[in-house]
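Quick one: the structure is below, and I'll ask about it shortly.
Labels run A, B, C and D following the written order; every chain starts at residue 1.
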Amino acid sequence: MNTLALILLILFSGAIVAFLSEKVSKFLPSLIAFISITAAGILFYTSPADVFNFKLSMAGLNFTLKIDEFSRLFVHMIIGLSWLASMYAVGYMQNKERQGTFFFNMLLSIGGMLGIVAARDLVSFFVFWEIMTWSSFLIVVWTGADFRRTGIWYMVFSAMGAYAMLMAIMMIYSDIHTFNIDEIIAAIAEQRLPHLVEASVLLLFGFSVKAALMPLHVWAPNAYTQAPAAYTAIFSGVLSKMGIFGMALVLLSMLKFANPADFSLVYINGFIGQILAWLGAITAAIATLYALIQTDAKKLLAYSSVAQLGYITIGIAIGTPLSVMASLFLAVLHALFKGTLFLAMGAVERQAGTTDMTKISGLIRRMPWTFFVTLVSIISLAGVPPLAGFVGKWMLYEALITNGNVFMVVVVFFSSTAAFLYSYRILFGIFLGQEEDDTAHVKEAPLSMILPMVVMALLLIALGTYPGLLFDPIAQGMTVLGFENVTWQMTVLSNVWGNTVNLMYISTTIGVAFVAALLFLTLKGRKGSRNVGTKDISTSGEIPLEHENLTYQLDFFKPFERAASPLYRRKMTKIYDDLSNGLDALFDFTRKIYTGNGQTYALYVVIFLVALLIYVQNTL
Amino acid sequence: MEGLAIKILGAVITTIVAFAVGMTYGGITRKLTARVQNRVGPTIFQNFIDLLKLQSKKTNIYHGVMGHFAPMWIITAAITVLMFIPVLHPGTAWYNSWFPNLSFHGDLIFLLYMMVFGSLGMALGAGQTGNPNSAIGVTRGLSQMVGFEIPFVLALVALMVQYQTTSIQDIMTVQRESGVWMMFSNPFSFLAALFASLGMFRYSPFDIVGAPAELASGPVSEFGGKYLGTMMSGGSIFAFIKLTLYVDLFLGGAYSIPELLIKTFALYMIPVFYGWVNPRYRTEQAIRYFWGWPTALGVIGLLIAIF
Amino acid sequence: MSITPVHYIAVPLAAAFLIPILSKFHKETARIIPGLVFSYFLVISFVLMRQVSNTGIISETIAGWRAPWGINLVFGYFSGFFATLMSVIGFLTWLYSYRFKLVDSKPAMSYYILLMMLVTGSIGIVITGDIFNMFVFLEIVAISAFSLTSFYPGRDGAEAAFKYLLIASFSSFLILLAVLLLYTQTGTLNIAELSTKVHLIPQSLKLTILVMFVVGLGIESELFPLNGWAPDAYSQAPAPVGAVFAGVVVKGGIYATMRVMFTMFDINEMGQILLILGLITTIIAEVAAIKQTQVKRMLAYSSIGQMGVVMMAIGIGTEDAVFAALFMMFNHAIIKGLLFFSTGFLLHNSLTKTIAEMKGVAKKFPVLSFMFALGSFAIVGLPPFSGFWSKLYFLMAAADAKLFSMIALVLAVSIVEIVYYFRVVGVMYYHQPDESLPTKQPGLNAYFVMGFLAALIIGVGVYPDLITNFLHAAAYELTHKTEYVQTVLTQFVR
Amino acid sequence: METKKDSQTIAEYIKNWSRKHSLFVMAYGTGCGAIEIPATMTSRYDAERLGIRGAATPRQADVLLITGYLATKTLKRVIRVYEQMQDPKYVIAFGSCTINGGMYYDSYNTINVLEKYIPVDVYINGCMPRPEAVIAGFKQLQDKIARGDADNGTRYKENLDWYRANQQQVIKNWRMPDYNW
């Protein structure tokens, strides 16, 4: 039996078994999910690289699945994060209702993602894409809260994207009667397909829906917020990256090989890339602005995921080796730190009951490990050295500057500076500030939930000094995409102008200075040090009561909001609401054709008959 | 091996110099302010005395691990940035003997991000103390940072794209070879960066972060003793770092310590003077200020740099 | 004696006469005998299909009168596909509606007889080789459909039946007129012979006949301005009958249209028109469906929309398009059947059958709700369910014909489809139930039927080759009419 | 008390010198005397030349300056602030009211003798004491610090029970967090 098919089979059958096993015991589905993902992972990592292709001819179509170096990178993300998340889910989901449905869809979407990255023909790509979409939809609505706003919007936007893709697939099919991606690329390289540009634009449209690009992002915040945290990690971590994968497929492996003799096409290609990059930049900026006014931690993270995906899109769209490397690096990193963050928020939600930052504060002494992983991943989200986030940010900036997209750099820099605000917001709002009496009972999450987060946090720390560990697979993947001799070093970053940053020195310096300061500050005057609680603060002599909490949580960044008020004035959701209302009115009007009156229907028949007769006699 | 020893010695000396210069500048500022207000004022070494006093406090208030880390993060960030910033021009006698720390291993983007490190750690520490004033001060500080980073980045990007480099040495070299300082060759970018520096130094009118009467000195309101002292020293080093960075980028760098002192002091007096004659802005006013003319100047400079 | 297509007609007619008599002795017979008939249908279909696969098209003359004078029944892959589909749906409907709501014997008897006649008539349409005979069977279908529509006593049923009657009378009138004109022009009623003689008809008259056929059959197959009757009929008839309407009656109309368009005439003459009509039908129907508050009306509009797409595929007219159309009809039959069957019990005792009454039924009927959700997922064309493949093949056929604007519109309206189906699913699963209606748990037979349909949906979805070869053969047979014509005409000289 | 100057180690001497020359004042403007503080700080009698500057919070302050009479309500706050200050800390009582109640000696809600509630290092007499007097008081405090016998905090801790008793006597609704010192 073919290994790749076996992996998919394990996942899908595991999904069904998990779904049925809920009848047996509420604990079983999570276990089955974990086991099947583990089995798939073991199977993937133990078998040699060349066995991962799989051909199937069915219903007059040829399906080709193949894992090359580029998709291997994404498979690492998918399997790794899903494995950790499913381990986490064992603890997170215990004694919740309808676990069978949850794990069924979880495994299904994981299988769908694997299928997507492995698909080498557009039909199976689309099939797996749709499977992933509807299973993730079922998880998004799993809690059942706010079905219309969240579920229907997600499904409608995904359907718009998917059908745009289908349209494009059909266009390509009508040009050259094949669905096989390699054949398509070969065909593009030699002749000019009449519908190539439209098709690629439509494909990009479809992918930007998943990647939550600017005008199409409105589904994302709600969906990320509503899904259970154990899945949101996967959802925002890897599932959204499928859009990035598709963009890379279109921009870097289809359009890039377009016939260079065809200047118009090359020009259009660059043009599309620019448009996409600018959309990404605007997405990053706007989403960041909206992230920092949120009061719910999960929603804040959802907006920040949208922003991060904006960065990643920029890198792919610019298309220079450095930028592609940067964005793939950021993609993996985003999977790591945003996965960690969502898992951490899930832990907080499970232990403290809510992630609303206006309700809880000062959990640092209660949940130290959760705070630690949150801190690490927030630092790498903010891109502050010496953690891994800095590497990706640096490469992105250098790529943009050396490429001459200077104003885009400024926009990106603005958004990532504003990202500090919400980074601080989430750390402060949940873990710092005064301790509530009603969160005094909160305990640290169980080990099965802590362990995955800690693993990812350690990875982030390691990658901050040794990004080469990740550059290696990325570079191999890029060679598949057609970038020749991608150069990378283990601990040194460099751009095309030859400017370098030596991460080894950086982390050594920081470490030495930090340890020295730590020793100095800790040892000096240790006997005289008084440990005080968060209630013992200088409030101009006033003594806060036991129950009153002085933590500053509401309108956290109000001054910034006031300063940037013009940017907050327009709301995308409102536009879509108006659109849907207008459509609703139109539908209502159209529906009135069916009056429910027999005579009218008879009249329709007669009129139609006469009209058709006249038409036919006159034209044919 | 003793090459390493020399390097470490140089690093220590650099740190000491930076610390001393920063503290003294602070004292001089206090003295000058007093003179301007027709007072005698303290000695110019008052800051050293204060620091000594703070470090010799008997009891220290421990607010939790983040509160404990905050000063360390500041000092760590200060030292790290200092290591990666070229204090003097390469090749000069002073430089080779003392200051060749690591300045070839970092570039501008790295410095931009590394400078934030300290203030983020500070913010976290201030957050854990549980004092609402600290959190309010932190939000103001971060918001203001978003304000002045924009013209600053515009200026830096202008330099980078114009001279096709992101390293400070190369920019210094360009100035040395051409003999023209950036503040004359890129006046608009220089002005933008200068306006940004007003926000960086947090003298009035941009001192709402630690407004003493309103916020009880804001983020640091719960810190005293050794913590406050360490923060002070870190802040002094940071002042030196910012000034040196500006000198390197716009004033053609320095060949010797006296030249460096003259240039940095001249530069340092600009925010101080501006502060004397100005009241205090509210946060949104400050942000709007930075997004106004400074950003416009930065954009002009950038356009000039491109074309 | 050997099984021949005529059994399709003879057996049920005989049974229809027997049932009233036998039910005098034992009431249960009224329920059992139709079951036997339907199962016999299955046997016939199976045997005949094997025969067809061995010896090509079967053509049988009735009562010794040879064509063109007598009536002849033709059973090929194409007809066989429809006949088998109808038999299966009929059987499942019977099994499902066994003890559905028919407690006392009298309505039960009429229900089953009418159901039997409905299926019989449709199968007759499919297997007859004579255009007038086809008209007769259309009438049989129509009449039994009227009576089933007004099965439940009450004003609404009567009104719906009246509308149906009114519109259907136009259809029969037009078809009859068309048949008459054909006969006057060519002197024969045999489809195969007609197909060799249509070129004798003057162009304008031929077009008039075509238009009459289009309109007359369009009423049966729910084309846009002609389908006013459909929603009322679907929503007023008992739920299983809705499944029969969607799976059998409409298919009869479509079959007739295809037979006329492809075999008798040349599709190219009306192809464009059918394409446009189908598109308009789809758009209007889906748009109307999203505004419905009654589940069964919504399903009715949705099946109208599906028929519109099928009509577009017919209008494209290539072999692939016909294949897509057949596949789509197959899917529509089984999926709509599943939807109607599950709805039948979900809203068993409700009179208004509104969507709001399905609040939180998932708590009470987990399996039924799952079936409904499965049907919704399948019918909007999500993989890996069977609905996806037919949509894919249709789009491929359309793409071959370079009809991109049409693809775009169809995809756009299928987004609307997603919205209204998922809205219902959301109501079923994520709203709090209000304990208003007394519920009725389905029996084992209903579960079996729905389980079979669901298994079929998933099975075909995962492995479409279960039926594709068969459908390809049927499409080939339709688009290459020579074999059909030859087989029938060879009998003349026998 | 005998002077400790000779007994000071060199480190102690330097520390005291620095403490003497940098006094961060928590000017607790309780009474009318607060009006004298601005005059003392600003250009006429520039107190900063002696290294005296205002501190915003007790965490950073060295000197607690009680300017005038203390109502019992205010006393509670004063005690809180005093206890939040870090050692070494000094208290300067300002004006007659802090010595003996002054013109409020028979008021029902002001305390008369501050010494009973928190230890005081330097009293500045007068009603009001002029800025010169204030600066003189600071000078006195500085000498005391230099001598090294300004150990206000330790005195408070040693006699804590006595002070607490007095405080609880006047502060009826006693609600103070107790510290781990």
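Note that a residue touches a chain if its C-beta (ideal position, glycine included) is under 8 Å from a C-beta of that chain, and two chains touch if they have at least 3 such contacts.
Just so we're clear, the structure is a prediction, and the values are computed from it rather than from any experiment.
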- Message: If I average the C-alpha coordinates per chain and also across every protein chain shown, which chain's average lies closest to the global one?
- Response: A
- Message: Please tell me the distance, in whole Å, between the geometric centres of subunit A and subunit B computed from their C-alpha atoms.
- Response: 37
- Inter-chain centre distance, subunit C versus subunit D - centres from mean C-alpha coordinates, in Å: 98
- Task: State, to the nearest whole Å, the distance from the C-alpha centre of subunit A to the C-alpha centre of subunit C.
- Result: 45
- Rounded Å distance between subunit A and subunit D, as computed from the means of their C-alpha atoms: 59
- Query: Where does subunit B touch two or more other chains at once, residue-wise?
  - Reply: 57-61, 216, 221-222, 225
- Contacts with 2+ other chains: residues of subunit A: 528, 530-532, 535, 538, 540
- Item | Where subunit D touches two or more other chains at once, by residue number | 57, 59, 87, 181
- Message: How are the chains arranged in terms of who touches whom: line, ring, star, complete or other?
- Response: other
- Chain pairs that touch, as defined at the top of this document: A-B, A-C, A-D, B-D
- Query: Can you name the residues of subunit B that touch subunit D in the complex?
  - Reply: 30, 34, 37-42, 46, 49-50, 52-53, 56-61, 212-213, 215-217, 220-225, 228
- Message: Per the contact definition, I'd like the list of subunit A residues that touch subunit D in the complex.
- Response: 528, 530-532, 535-536, 538, 540-543
- Message: Could you list, by residue number, the parts of subunit D that touch subunit B in their complex?
- Response: 14-15, 18-19, 21-22, 24, 42-43, 46, 48-51, 54, 56-57, 59-62, 86-88, 153, 181
- Partner subunit A, residues of subunit B touching it in the complex: 55, 57-66, 68, 71-73, 75-76, 79-80, 83-84, 102, 105-107, 109-110, 113-114, 116-117, 120, 123-124, 127-132, 135-136, 138-140, 142-143, 145-147, 149-150, 153-154, 157-158, 160-161, 164-167, 170, 216, 221-222, 225-227, 230, 282-284, 287-288, 291, 302, 305-306
- Note on the structure: The subunit A residues in contact with subunit B across the complex are 362, 364-365, 375, 379, 382-385, 390, 393-394, 397-398, 401, 404, 406-407, 409-410, 413-414, 417-418, 420-421, 423-424, 427-428, 432-435, 495, 497, 499-502, 505-506, 509-510, 513-514, 517-518, 520-522, 524-525, 528-535, 537-540, 550-552, 556-557, 559-560, 562-564
